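To keep things simple, chains are lettered A, B, C and D as they appear, and every chain counts its residues starting from 1.
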Amino acid sequence: MAGTGVYNGKILEHRHLNDYYSLLTIEVPEIAMYAKPGQFVMVACREQGSLDPLLRRPLSLHNILADDGQIQLLYQLRGKGTTWLWQRRPGETLSLLGPLGRGFRLPPEVNKAVLVGGGIGNAPLLPIAQVLAQFELESRFFTGARSEAHLVGVEPIAALGIPVHISTEDGSVGRQGLVTEELAVYLERERPDYLYACGPLPMLKAVVKLARQYGMAGQVSLEETMACGIGICLGCDCGGKKVCKEGPVFAIEEVVLND
Amino acid sequence: MAGTGVYNGKILEHRHLNDYYSLLTIEVPEIAMYAKPGQFVMVACREQGSLDPLLRRPLSLHNILADDGQIQLLYQLRGKGTTWLWQRRPGETLSLLGPLGRGFRLPPEVNKAVLVGGGIGNAPLLPIAQVLAQFELESRFFTGARSEAHLVGVEPIAALGIPVHISTEDGSVGRQGLVTEELAVYLERERPDYLYACGPLPMLKAVVKLARQYGMAGQVSLEETMACGIGICLGCDCGGKKVCKEGPVFAIEEVVLND
Amino acid sequence: MTEPNLTTSLGALQLANPVLTASGTCGFGLELTPFGDLNQLGGVILKGTTLTPRAGNPTPRLAETPAGVLNAIGLENPGIEGLCRDVLPRLTAFQCSFLANISGNTVEEYGELAARLEGEAVIAAIEVNVSCPNVKQGGIMFGTQAEALAEVTRTVKAHTTKPVIIKLTPNVTDIVALARAAAEAGADALSLINTLQGMAIDIRRRRPVLANIFGGLAGPAIKPVALRCVWQVHQALPEMPLLGGGGIMSGEDAIEFFLAGASAVSIGTATLVDPRAPWRILAEIEEFCRREGVRDLGELIGAAHRKEE
Amino acid sequence: MTEPNLTTSLGALQLANPVLTASGTCGFGLELTPFGDLNQLGGVILKGTTLTPRAGNPTPRLAETPAGVLNAIGLENPGIEGLCRDVLPRLTAFQCSFLANISGNTVEEYGELAARLEGEAVIAAIEVNVSCPNVKQGGIMFGTQAEALAEVTRTVKAHTTKPVIIKLTPNVTDIVALARAAAEAGADALSLINTLQGMAIDIRRRRPVLANIFGGLAGPAIKPVALRCVWQVHQALPEMPLLGGGGIMSGEDAIEFFLAGASAVSIGTATLVDPRAPWRILAEIEEFCRREGVRDLGELIGAAHRKEE
């Protein structure tokens, strides 16, 4: 993890995509240089001098523009921290701790891969999709959301030439239903051999179940409440492993998803 | 106290005068309309959603532009709250509680008045100076500071045509010494009959002593740590009186300045 | 959709809604009238009152801390006679519930204070502040010793027919033991929590910030401790009505207290920061109930103790 | 001007400077090496260790609160054998002081833990966490009962020649009584404070945020309580060396603790928020001393107790 540290990043662009999602472009070469797909940063969501909110917020690297020394964060407006973040403007500075965690790995042998993302879970999938595209591996992207407005981060993956399958719960766009329903049909028919997934826990559970059912290997990116992001507080446990350090990406074989 | 309330003010201008002092111009007609000389506002020095710093900061009305619906605050960079304030930019909104307190009163009969201010204590003197000038009362302004860089708020009073006497501790501008030294000479010679003062406690003590010595009436504006600014917490006691409500301006006769 | 029913009670004290202003943070209520209609609040708890007038502590009496405020007012108040003579007559113009908050140096003083209020119709209930040094027992706080606490409770009960709410201090090893002592001695309800003992130091002067050295910590910083106390007491004494408070700044904070077991909440520091806070918080509670389909406040009280289905 | 002398001590434990990382907030120190040089710190207090390995509590184990953080890690750790086998050998590469932090379910376990560490030269001192339920006494925490605390202290002392630092819990009525009990039982120094018991509730789910319901509150929110504890104990036991901590985020916060009576400080939550915090805080302490003309840290320790001239 050469280069992990606390760095000031300068906001270059901040684009509110709709009422729920926003895309930050940040200049922070120290992180952009070393970051790998699936890694994340811990963002201080408060003004210097303020102690509330106290903890940094984990956000995945949505895009790593190493040559430009830039990263992009794609985030959903949720509570105190993201509300603060939402109001930041270009030119302002953010304190970032990163790059953190063990990201997505390209497995030694893959013929056909699937990417599966739910809602904001699409955020960390772009960098690994870029790698798949770069190696010209056959891959497909299955994504699901509550409704059209909650579909985010799809275009940049589509732009790589990766076919996209959209499901929405209300049918406002794509197929109506859960992403795992469409995924199941595809797995049954095409038998891809590797899977990358990120999304809400119920989705991940269903995905892992499907993967096991079809004997597929793969990796999932997990979320857990974090304080430090660097393995010193032991707050982010998942079956005896630290999500921030041994994850957030885990091999499907090693992952234990409890209720 | 008609009109006292919590209002959002829009920052129109924010001028950093030097490394220590800053002048804010704020559009807040609800306060500008009702405020009187010597009153103050409690400013929330944190972003909405943050709880740190928790308490509002008391700042005097340095200028009340009733017709324009504007006020000005002249403040010194000190700790957490003023550091936050220092970074605000035009267009941003501040939450203000006010107008608060009992300000300077024009006494029934005055022939010759003196204004005495120390450091940032000059801030609340401008509005009462304006009144004195408006009534064409003979008045003089004595002000002291550590050094030239700590002299603030003098020009707008001078611009009213009121003669100004400057003392600095290091002699970098005006007479070298304490403001009360030059004041004493003047009192002895001219025997003015009324005094308005604001400044650090040691200065106020010396001023009150002088006033008593020369049998002068007058008013002083006091500072005390405040939480509410509206008389409900009893935090700001001065000899059984609430500085925020029965003050901050007290008649010299009624004031008790302990160590 | 019909409006949620927010009426609640603390023992025999019926409240139009669960939002009360906390003692010492709302003066005598009158100071808040420029900011809102007292009649819309569940109740107003008056500044702590002692037998004789008190001048309070020297200043500084306040110190800000991260997300909190320390106070050492020292119970400045006009004394019970001053209260009854000068303040209470002015409160009869309002319909909301006024609660007295009493502090004694001895058990007997608590009894006298309660007795003096018995004839004052405007006082709907008595909140008993037991975070006071017991001068007869070397200054140990009444609220930290089960036996002393029980004695205060019994004495106040013996001198009044009004509902008696014992306000517990969190500065104890076992809040449940003290709650139980007050309950067994006849308390009609418990108020949780008073301030945590704390201090701050001025590093330039190299002296404590507060003239009194120690102060009571209030504000959002103490909310987790207050919630834990409410939870533990509700768990142990599910039938005892609780007035919860400590760091409530929003309707959502108040909801946490209801879920932990409080039947009503007291708003303290929030009012110091924003005098409209009690009204805003009430509106936010209503809004939460509407949004979440809560028809009666009772659905929330203690609900977080019930396991998920 | 010469550099200020920041060497200090906790009983027989000599420290190059007063900044230690708090147990449970710095892993085993090794995790911090990408962010700073451990050898520059006064000391590193290792994650709490128990006799047998522990998996800790289910998640969520963390909840943020205003200016604070609740944790219910549940003492996840590899057990004393795991520590001695896998961790301690890797620490010998560093020159700074490493302190073990031990937790037992019974008095005997504390003794066993201390005995096991006796031969481990890399461990400079033992910090004893007494915020653990005493399984033999119905789960009441050792740290809340003077007699149990004294027994733990005596037992640990009997099994080690290393300096023993008893880490007190603030969740008690009378911190001084407990400090005195530990002192009389032979503690070489006291560590003040561990976390305050608290909780948070998730109002959407209507359940406690933490899977464990309760957690320990740490961070700036508790600083006023921690300072008060340090002040009271230093006042009562001026000769007892104190390791102060609770909410220290800056050098200025640390100075407050020295002035209240601490000889060294422990940095906890600050490191979680910023892994460079211990180094930054040390630099800020140095900077303060230079600015204020403090030549020796000793000039500050307890200085706020001395009245102004």
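Assume a contact is a pair of C-beta atoms (placed from the backbone, for glycine too) under 8 Å apart; a residue touches a chain by one contact, two chains touch by 3 or more.
What you see is a predicted model; the values in this text were computed from it and never measured.
*Asks:* How many hops, at fewest, get you from chain C to chain D via touching chains?
*Replies:* The least step count works out to 1.
*Asks:* By mean C-alpha coordinates, which chain is most distant from chain D?
*Replies:* Ranked by distance of C-alpha centres from chain D, the top chain is B.
*Asks:* Provide the C-alpha centroid distance between chain A and chain D, rounded to the nearest whole angstrom.
*Replies:* Roughly 36 Å, centre to centre.
*Asks:* Between chain A and chain B, what distance separates the C-alpha centroids? Give it in angstrom.
*Replies:* Chain centres of chain A and chain B, defined by C-alpha means, are spaced 54 Å apart.
*Asks:* How big is the gap, in whole Å, between where the Cα atoms of chain A centre and where those of chain C centre?
*Replies:* One centre to the other, that is 46 Å.
*Asks:* Multi-chain contacts in chain B: which residues touch at least two other chains?
*Replies:* Correct list: 51-53.
*Asks:* On chain D, where are the residues touching two or more other chains?
*Replies:* Expected reply: 66-68, 219-220.
*Asks:* Enumerate the contact residues on chain D facing chain A in the complex.
*Replies:* Per the touch definition, chain D meets chain A at residues 24-27, 31-32, 34-35, 47, 55-56, 58-64, 66-69, 71, 73, 76, 219-220, 249, 269, 271-276.
*Asks:* Provide the residue numbers of chain B that touch chain C in the complex, in ascending order.
*Replies:* 1, 4-6, 44, 51-56, 97, 224-228, 230-238, 240, 258
*Asks:* Inside the complex, what are the residues of chain B that reach chain A?
*Replies:* Against chain A, chain B makes touches at 46-47, 49-53, 80, 83-84, 87.
*Asks:* Would you pull the chain A residues touching chain C in the complex into a rising list?
*Replies:* It comes out as residues 51-52.
*Asks:* Chain D touches which residues of chain C in the complex?
*Replies:* 65-68, 70, 144, 171-174, 196-201, 203, 205-208, 213-215, 217, 219-225, 227-228, 231, 247, 252, 255-256, 259-260, 288, 300, 303-304, 308
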